[in-house]
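In the two complexes below, chain A is the common chain; its partner is chain B in one and chain C in the other.
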Partner chain A sequence: MIGEGTKSTNQRRHSYVQEHVEVGFFTDPTVCIGCKACEVACKEWNHVPDDGFVWSGNSYDNTGHLGASTWRHVMFVEQDRQKGNQIVGSHSLGNGDGEDPFRWIFLSDVCKHCEDAGCLEACPTGAIVRTEVGSVLVQNDVCNGCGYCVVSCPFGVIDRRPKPLPDAGGAFKCTFCYDRQKSGLVPACAKVCPTESIVFGRLDDLRARATHRVQELHEHGYDDAQLYDPRETSVGGIHAFFLILGEPEAYGLPPKPQVPTIYLKSAWTAAFATAIAAIIATLLAFAFFS
Partner chain B sequence: MPDESRLDQLREEAWQKGAVTGRGVDIAGGPIPRKLATASPSGGGPGYYGQPVVKPPVWTWEIPVYFFVGGFGGMSAVIALAAAIFHHVDLVHTAMWVAAIAAILSPLLLILDLGRPHLFINMLRVFKPQSAMSMGAWILTGFGACVVPGLIALELHVHQVFGGTVDQLLRVAAGVLMFGSAFFGMLLATYTGVLIGATAIPAWFLHRTLLPIHFGTAGLGSAAALLELLGHRIAALNFIGFYAAGIETVLLIWLSLDKHGAADRAIHEHRSGWLIRIGEIFNGPLALILRFFGLVPFAAISFLIGALVSRFGWIAVGKVSGSDPESVFAAERY
Partner chain C sequence: MLTTYRLTEHHTAGGMSRFLSHLSELQPEMFAEISPELARELGVKNGDYICIVTLRGAIEARALVSRRIRPVHLNGKTVHQVGLPYHFGTSGLVRGGAANDLLSISGEPNVTIMEAKAAACNIVPGRLPRGAAFEEWINKHVPTGGPANLHPEQPPLDTAKGGENPPGGHGKEEKE
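Take a look at the complex of A and B:
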């Protein structure tokens, strides 16, 4: 077994920051009960301001999406599909009879802490850094709110906090509870999760645990269970990865996320070519039409 | 103050009641009628209640205006250098003034758009080639550091404020600084295309090659148009006007042929699509036709309007495309 084994360290003290061990979150919707303890704990611990009370009508999700003031977001996905070996009843809410497969999936979304992070690459001030445990952290006192990270995140996680919220103008996202981790504590969301749907631990342990869990689910008839950890794209894998049932699109997750720096080469080539063409055209204009 | 016992309490509450309520995350009373999660409220492909997958840009009017000002300012320095080489003394003077005004306006516009303007100086805290925003900050700094002293040296030389050796030194300094201005200027006018091209916004990154060509050429044409309107009706600027409007016409055709379906529909539909089209027609075919018939001032005005409108258009496209989950899915499946 790798590291500490496949057990979580959700309720244990640790010294990963001091030991420079890569850690992560593994979030498993098949055991999530949609209690939102992670959202509440995150907001309370990190003093994240409330950003409005909106009744969305989208199942029990009134948070909407991750953003500057939402660092954990529990999704409520309703699908007319069978869940595992679920017995499909005839007590339909819809047409009253016949088979009516339905499943309700909860998934706690969070910053992915990419291996190759778009926000970190884009940040012109150096406010966004990589920590000892491999997470991506925004230094609030350095960020001047240019907004470039917002359009550079392939997952739409980071955002600029609007006025009149406290600390407005800066970019915010999940800190991976870096303050807690430095003191040997577990991130607040993982600590409060009653079913260990959010598991905090060493990245290698989590990957082993996740692979095992997917096998287990397949054995129990959850044929569409898969891991969401885009390691084959330029993002190079994520440190907060997910088990999902069905396609990533249903969770608002991009199927093939790319770090935008891969577009730099072609864009700069076009820029230099345009600049040189402009100089030549201007010199020719003056040389022949003077 | 939250502490560890509060977190234990939350965990207990979740376990006991199955739900935890708190400020900002309240669960509304149920039961809520079933609502299948799809890409858009009207149904369509897979998605999560039409929620955006990437975040649309938070930039406001300052950024497109900066793209416009930085574009004509940067290319104006290029024209100034060429004019200096071919001894158009009056034009050098005007072009350097245009560039210097742009060099002062541009940082002001950028600072105005920052979420925390008082921390603007942090832009020069690091030098980061992999960030187009960082490179832009340095390009703009280099441009300002060349254009403003360059213009001062030029003015002192032209008005013969000092004589003898000092004047000779000023002449050399003006020459070197104008060379630097042209170098940073051509980058200033084009890097903005890289800035929005190398992002996660589908309609932008799918056109990352077109964007720098468009922004740079629009900058060159705007600089020539502005100088013409300032009284320099010379054949060389007219040629540049033809060149820029010609390239913009080609780009208009390129954009209408190089369609990516749902991935870049923001360019062809919505209000953003209209802004792009109006901008491209004004600085492409319309400016070309007006110039062809010798209506130089009208061609110049048409080009300037087109260049400004299309900058607003591209930012609008980013907002529409970034808010459209299906465009992200389509771009990645492409």
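Take a look at the complex of A and C:
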């Protein structure tokens, strides 16, 4: 059976914000049906405008990537590989004898709400804050649209909204439905997900659930199932983590995400050394030509 | 063979969903799914415009080439499948060729909804000509060789009133 129905943490009221409980999303593509209900529910609840009507020709993915007006993005990945214990057909022309594996994977991508968040560290105005539940929130009435966060996100999530969309200029991303959570509601995307591919709940519970799910999949022949939860890099763990089949690169996820601020020390050292060298060069130039 | 089907993003012919921006942006254009084998045969690339022609009409769509669509082998013959979402039409935020234009009207009497979901078709790479050029074009490309495409109420072609519409119109009793 898929999911736990009304008993699921996706459908229950909670008081995580009041109790300061770390929450998260666990997203499992092996049960996702690619319905994009999460994308639509997110836009409906958060009044996110449409992102243009452009047909991509890339499977059923006309969303493309996360951005200022796309806070959930369902990826459609087509691969010439076997999925679990799937029976492999050999119907393709010119390949009548050999096996001909093929799989279509859907994965709903979202802001990762990093433990050490690049956007939060780069924000000079204090518009980006950490909430009681561990999520990263942009306060749009404080954001001045400088764009430092955009280049500092290791996952390319946050972006400024272009004209002529409403609130153009400000930086936007998933809010983890902080407004809903404060009132004991579940984030809109998890609430509508019909297969519980997106599970919302306590981070520790979700990590246990995810480990169990990977084991279960391994037993069912999904040899390449693994968790994408980078905790050993400078990002220090993410609140929205994923189960993936195969390599993270196929889903546009960096295998070793790093917070750009770890390069601050070397960057300042290099800048300082360059400045000293420039001064010496200028003085030498004067010494020679005067 | 073409077959028509639904996408999760749209509702029936799109009369409700193609007027909503949050759904229209997710499937903004009419496409036809074809196999890489058929694409190679036609010299078509992913995203190219193709025209789908049947005895009833012709529409244009973008080619979506995917291994999800596979040719089938029937009695030693290769039959290619063409997948067409039937959600598009002439008004709304996003518009496109209506797949139902390609099918004969045949109502399923119990549920009173279109019964036809598949038909033989031709695929012609390129855009669909408009205006006067269209008639010449479709006569050239319409599939041939099949049985006459008559409504069940029309008398067969080899009878006296062959192919004529029944008096009083379809589905009505003939008045004395």
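Definition applied: the second predicted complex is superposed on the first by the 261 of 290 C-alpha atoms of A that agree within 3 Å, B and C clash if a C-alpha of one lies under 4 Å from a C-alpha of the other, contacts with A are read in each partner's own complex, and residues count from 1 in each chain.
Just so it is clear, a residue touches a chain if its C-beta (ideal position, glycine included) is under 8 Å from a C-beta of that chain, and two chains touch if they have at least 3 such contacts.
What you see is a predicted model; the values in this text were computed from it and never measured.
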{"item": "Partner chain in contact with A:E44 - chain B first, chain C second, else both or neither", "value": "both"}
{"item": "Which superposed partner A:F289 touches (first chain B, second chain C, both, neither)", "value": "first"}
{"item": "Partner chain(s) touched by A:C35 [first = chain B, second = chain C, both, neither]", "value": "both"}
{"item": "First (chain B), second (chain C), both or neither touched by A:N144", "value": "first"}
{"item": "Partner chain(s) touched by A:P194 [first = chain B, second = chain C, both, neither]", "value": "first"}
{"item": "Of chain B and chain C, the chain that contacts the larger number of chain A residues", "value": "B"}
{"item": "Touched partner set for A:E78, first chain B, second chain C, both or neither", "value": "both"}
{"item": "Which superposed partner A:A271 touches (first chain B, second chain C, both, neither)", "value": "first"}
{"item": "Where chain A meets both chain C and chain B, residue numbers", "value": "33-37, 39-40, 43-44, 49-53, 55, 57, 59-60, 62-63, 78, 80, 93-94, 102"}
{"item": "Chain A residues within the chain C interface of the complex", "value": "33-37, 39-40, 43-44, 49-55, 57, 59-60, 62-63, 78, 80, 89, 91-94, 102, 104"}
{"item": "Touching residues (chain side chain B, partner chain A) in the complex", "value": "2, 4, 6-7, 10-11, 13-15, 17-28, 30, 32-37, 39, 45-49, 51-59, 75, 78-79, 82-83, 85-86, 88, 113-117, 119-120, 122-123, 125-126, 128, 130-134, 136-137, 182, 186-187, 189-191, 193-201, 204-205, 208-213, 215-217, 219-220, 234-240, 243, 318, 322, 325, 328-329, 332-333"}
{"item": "Chain A to chain B touching residues, read off their complex", "value": "33-37, 39-41, 43-45, 48-53, 55-65, 67, 69-70, 75, 77-80, 93-94, 102, 118, 121-127, 142-148, 150-161, 168-171, 185, 188, 191-194, 247, 249-258, 260-261, 263-264, 266-276, 278-279, 281-290"}
{"item": "List of chain C residues in touch with chain A within their complex", "value": "7-9, 21-29, 31, 37, 46-47, 62, 64, 66-68, 70-73, 78, 93-94"}
